[in-house]
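My questions will all concern the structure given below.
A, B and C label the chains in the order they appear, each numbered from 1.
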Amino acid sequence: MCIPEFFIIRQPERMFKAMTAIETKNLTKTYRTRVKAEGLAASFRSLFKPVWREVGAVNGISLTVEQGEMVAFIGPNGAGKSTFIKMLCGILYPTGGSLSVLGLSPVKERRKLAMRIGTVFGQKSQLWLHLPAVDSFTLLGAIYEIDDRERRRRVAELSELFELGDFLHTPVRKLSLGQRIRCEVAASLLHDPELLFLDEPTIGLDVVVKQALRELIIRRNRERGTTVFLTSHDPADIEQLCKRAVVIDRGDVVLDSPVERLKSDYLGKKLVEVKFASPQTVPEMAGVTVLTKEGGLTAALTVDTARRPIGEVLERLSLTGSVLDITVSNPPMEDIIAAIFQKKPEADQ
Amino acid sequence: MKKHLKIMACYFRLNLASALEYRSSFLTQAFGMALSNSSFIFFWWIAFSQLGGRIAGYSFEDVLFIWATTSAAFGLGTILFANASRLTTLIVTGELDAFLLQPCNVLVNVLCARTNLSAYGDLAYGFILMGLAFGGNADAWLWFLVGTAAGCLVYTAITLTAHTLSFYLGDASLIGQLATEFSINFSIYPEKIYGPAVRALMYSVLPMGLAIHIPLRLSREFSPLIALAALAGTVLYCVLAGLFFYRGLRRYESGNVMVTRL
Amino acid sequence: MKKLRKYAVITRISLQNAIAYRAAALSRFGFYTLFIYIFMMLWRAIYKEGSVHGYSYEQMVWYLIFTEFVGFSCGTGIFNAMNEDVKSGAVGYLLGRPVHYVLYQFFNSMGQMLLNFASFGLLAALLGYLFVGPLPGFTLARVPAVLLSVALSLTLHFFFLMLIGLSSFIMEDNTPLFLIYQKLCFMLGMLLPVEFLPAWLQPVAKNLPFSYIFWAPAKLFVGGDAGLFWTLAPRQALWCAVSIGLVFFVYGRSVRRLQVNGG
C-alpha cells in the first residue's frame, strides 16, 4: 500500500495500526421473521401464537479489506449488503463467525470503533432540518469529542474543500439537494474517519453533484489514506471510485475481482439509443450489438467500449445523415449483476 | 460523564432553537396543554366544593399538589427525553442506526435527541399551579421539586421499558401508549381510589407512586426510611430499565424485519 | 332517490374502510374501558352514601359511561380531516365533484359513526353491568327518546367539529380553538352533570350549546321522564340547526373567497 509522505507526518499513529481495515471470517446473520398467512382469522391467530422462521441474510462471508483500499460491494436488493455493513458498524449483532474492523470488535467496542469510522447513507440525514448545518456540526463535535477550536478549524477546512461557504449558516431545509448532500458528507467527515462506509451515496443526485461527490471521496482517499467501502446501484460510482469489487448474492460472496476486469467484462458496455428522421439500418460494426429491428425510426445498441470506442460509433451513426437524437447511458446495475451471474463459472476460476 | 452532559446540553439547545423556528406553533401548543390541564382542576374544584372535605383521604390541596407535580414531571420528562415515546418507531423503521453509529452512550443519544413542544406548557403549568396553590410554602416546594425530578425519571423509564418490548414483539407502540396512559392516571388521582392490586402495580411495574404520592406523603410527615426506600426504588427501576434496553438492543434488526406472507 | 343512493354508497364504503382499522379500534376500546374504570373508582371514593344532586352512585357511573359512549361514537377525526383538506388544498379539488363537500364529509363519517355507536354501545352496556349492575329504574320505554336525543347530540357535536375544522380557512393554527371547545364540553356536561355546577354557572351552561351534546342525552338516559325529553330535545334540535346552518354559511363564504382568490 502506498501512503503519501505528508500523510505519514500528519497522522503518524495510523502507521503502526494493523494494516487490515476489515476482516471477517464466516460471518453470518439470521433473522427471525414472523410467518403470517393471509386472511383475518390467520392474522388473529398470529397475534396470539406467532409462527417464526429463521431467514439467513448473511451466510458465512469471509472478506479482508486492507487499509487505504476502495472496495465496491455489489449485489441485488436483498442480497445482504446492508446487513453485512451494519454488522461491520456495530449496529447489528452477528449470529455467527468473527469480525474485526480497524482491529476492533464492533460488538464489544462499538463506541471506540464509531470514533474512527464514518458513514454516508444516501437517504438518511444526520443534519437538523430546521437549523443551519453549523449547529449540527457543534453537536457532532460534542459527540465525537472534538474540542471547540479543533472543530472550528475542521469545519473551516471542510467548508473550503466542499465549497460550503454561506449556506453553512442557512437552515438545512432551505438548501438545494446538492448543497445539502455536501453538508451531509462534510458532517460524516468531521471526525476524520479512517474508514468510510458509503451506502448509495449518489442516489437521487444530478450528474454534476454526483461527479463532485466522487471527486471529494477520491481526494479523501488519496490525501488521508481513508479506506472506502461502497455500495451503489450506479455503475459509474464503482467504475470511478473503486479498484476492487465484491459481488454478493443471497448472503454470500460470489465474485471478488479487480474493477478493471469487471470493467472489461461487464462495465465497459454502453447503451446507445438513436432516433432517426427516416427509417435507417444501423451499419454493422465489430463490438456493437443492435437490439432493435432493422429499418426502424429508432434503434438501440450496446457498445463494447473495449473493442470499439464510443466516439467511433457515434461518428458512424451521424454519417447516416438523419440522426435526430442520441442518448448514451450505462446499462443498469441489475443488468450487470445478471451478466455476472450468467458468466459466473468462468469468472470464478 | 462530562462528555454526555455536554451532549445533553447541546441537544437541549438545538431542540429549543428548532422549536423557536416555529414560534407561534410552539406557543399555541404550550398554551393548549395548560388549558387542557385546567379543565381537570375545574372538575376537582367542583367535586370538592360540592362534596367537601376529603376524597379518598386527599384534600383539594393534596390533589393540586399531585397535579402540579405530575404535570411538571411529565413536562420535564418530555422536554428532555421526548424520544422515549418514539422508540418503537425508531426500532421498527431502523432509524436507530444513526444513533448506533455515533461514539456515545446510545440511551443518552436516543432519548435526548428530541423534544416535545407542548411539554413546555406542562412544565410551566406545574409551577404556576404550585405558585397559586401553595405560594411561598417552602416545604411544599421542596417536595414538589423532588417529585418533579423523580417523576421525570420514572416516567421516562416506564416509557422506555414499554417501547423496548418492540425489540421482542415487533411493534409495542400500543403497549407504550397504554403504559403512558396508566402512568398518568396513577399519578393524578388519589391513590386510595384504586384497589390493592392496582396500587401494587403503582409501586412495582409502573412505579409512579414512588415519584408522586410518596413526596406528598413526605411533605405531610417526613420519614427518612420511606424517603430512602422511595429513592432506592426509583434508582433501581431506572437502572433496570436501562439494562433491559441494552439487552433488547442485541436483538435489533435495523429495519430489516420482513413479514413473509404465505 | 338516486341522490340518496349515492350517499348510501359513500356510507357503505366508509364502513368497510372503518373495519379495516381493527387495531386502532381495539386500542380505543382499551382506553374507553380504562377511563370508565378509573372514574368508577373515583366516584366510589367520592360517594359515601345516598345521592348527590339527585344522582346515586350507580346513576353517576352510568352517566359517565353514557357521555363517554357518545364522545367515542363521534370521535374527533373530522376536525383533523377538515384541517388537512383545507391546508392541503384538497377542498378545491373536491369542489369539482358532483357531491356537496359538507354532505360528503358527513356521510363519509357516518359509516365510522354507526360502527362506533354499535360497538361502543355494546361495550358500554357490558361495562355498566359488570361494574355497577343494571341502571336503576331503566325501562325500555325510555329507549326511543334517548336514541333520538343521541342522534341530535352526534349531529350537533359533528357539525361543531366541522366548523372548527373550517376555521383553518382563516386561522394558521386552530388547535387552541379545538382544545377550548373540547374542554368546554368536558366541563359542561361530559365529566359532570350540569346540576353539579355552581348555581350561577348552571343557567349559563343551559343557554350554551355545549351541555346539549353530552348532558342532555345522558340525563335522559339515567333518569329522564317523558316531560324532560320535551324540554331538552327542542333545544338540542335548535342548536343542531344553528350548527348546520353555520357550517354551510362558513363553507359557502370560504369557498367563494377561494374561487375568487385561488387556493
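In this text, contacts are C-beta pairs under 8 Å (C-beta built on N, C-alpha and C of every residue); 3 or more make two chains touch, one makes a residue touch a chain.
The shown structure was predicted, so the numbers you read here are calculated from the model rather than taken from an experiment.
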Which chains, taken as a pair, are joined by the highest number of C-beta contacts? A-B
Suppose every chain is reduced to the average of its Cα atoms; which one is closest to the average of all protein Cα atoms? B
What is the distance, in whole Å, between the centres of chain A and chain B, each centre taken as the mean of its C-alpha atoms? 42
For chain B versus chain C, what separation do you get between their C-alpha means, in angstrom? 31
What's the distance between the Cα centroids of chain A and chain C, rounded to whole Å? 55
Can you pull out the residues of chain B that are in contact with at least two other chains? none
Enumerate the contact residues on chain A facing chain B in the complex. 31, 33-38, 53, 55, 57, 82-83, 86, 89-93, 110-115, 117, 119, 121, 124, 126, 128, 130-131, 135-136, 138-139, 142-145, 171
Of chain B, residues touching chain C in the complex: 24-25, 28-29, 31-32, 35-36, 38-39, 42-43, 46-47, 49-51, 55-56, 174, 177-178, 181-182, 185, 189-190, 192-195
Sort out for me which residues of chain C touch chain B in the complex. 23, 26-27, 30-31, 34, 38, 41-42, 44-46, 52-53, 172-173, 175-176, 179-180, 182-183, 186-187, 191-192, 196-198
Per the touch rule above, chain B residues touching chain A in the complex are 3, 6-7, 10-11, 14, 17-18, 21-22, 95-98, 100-105, 109, 170, 250-254, 256-262
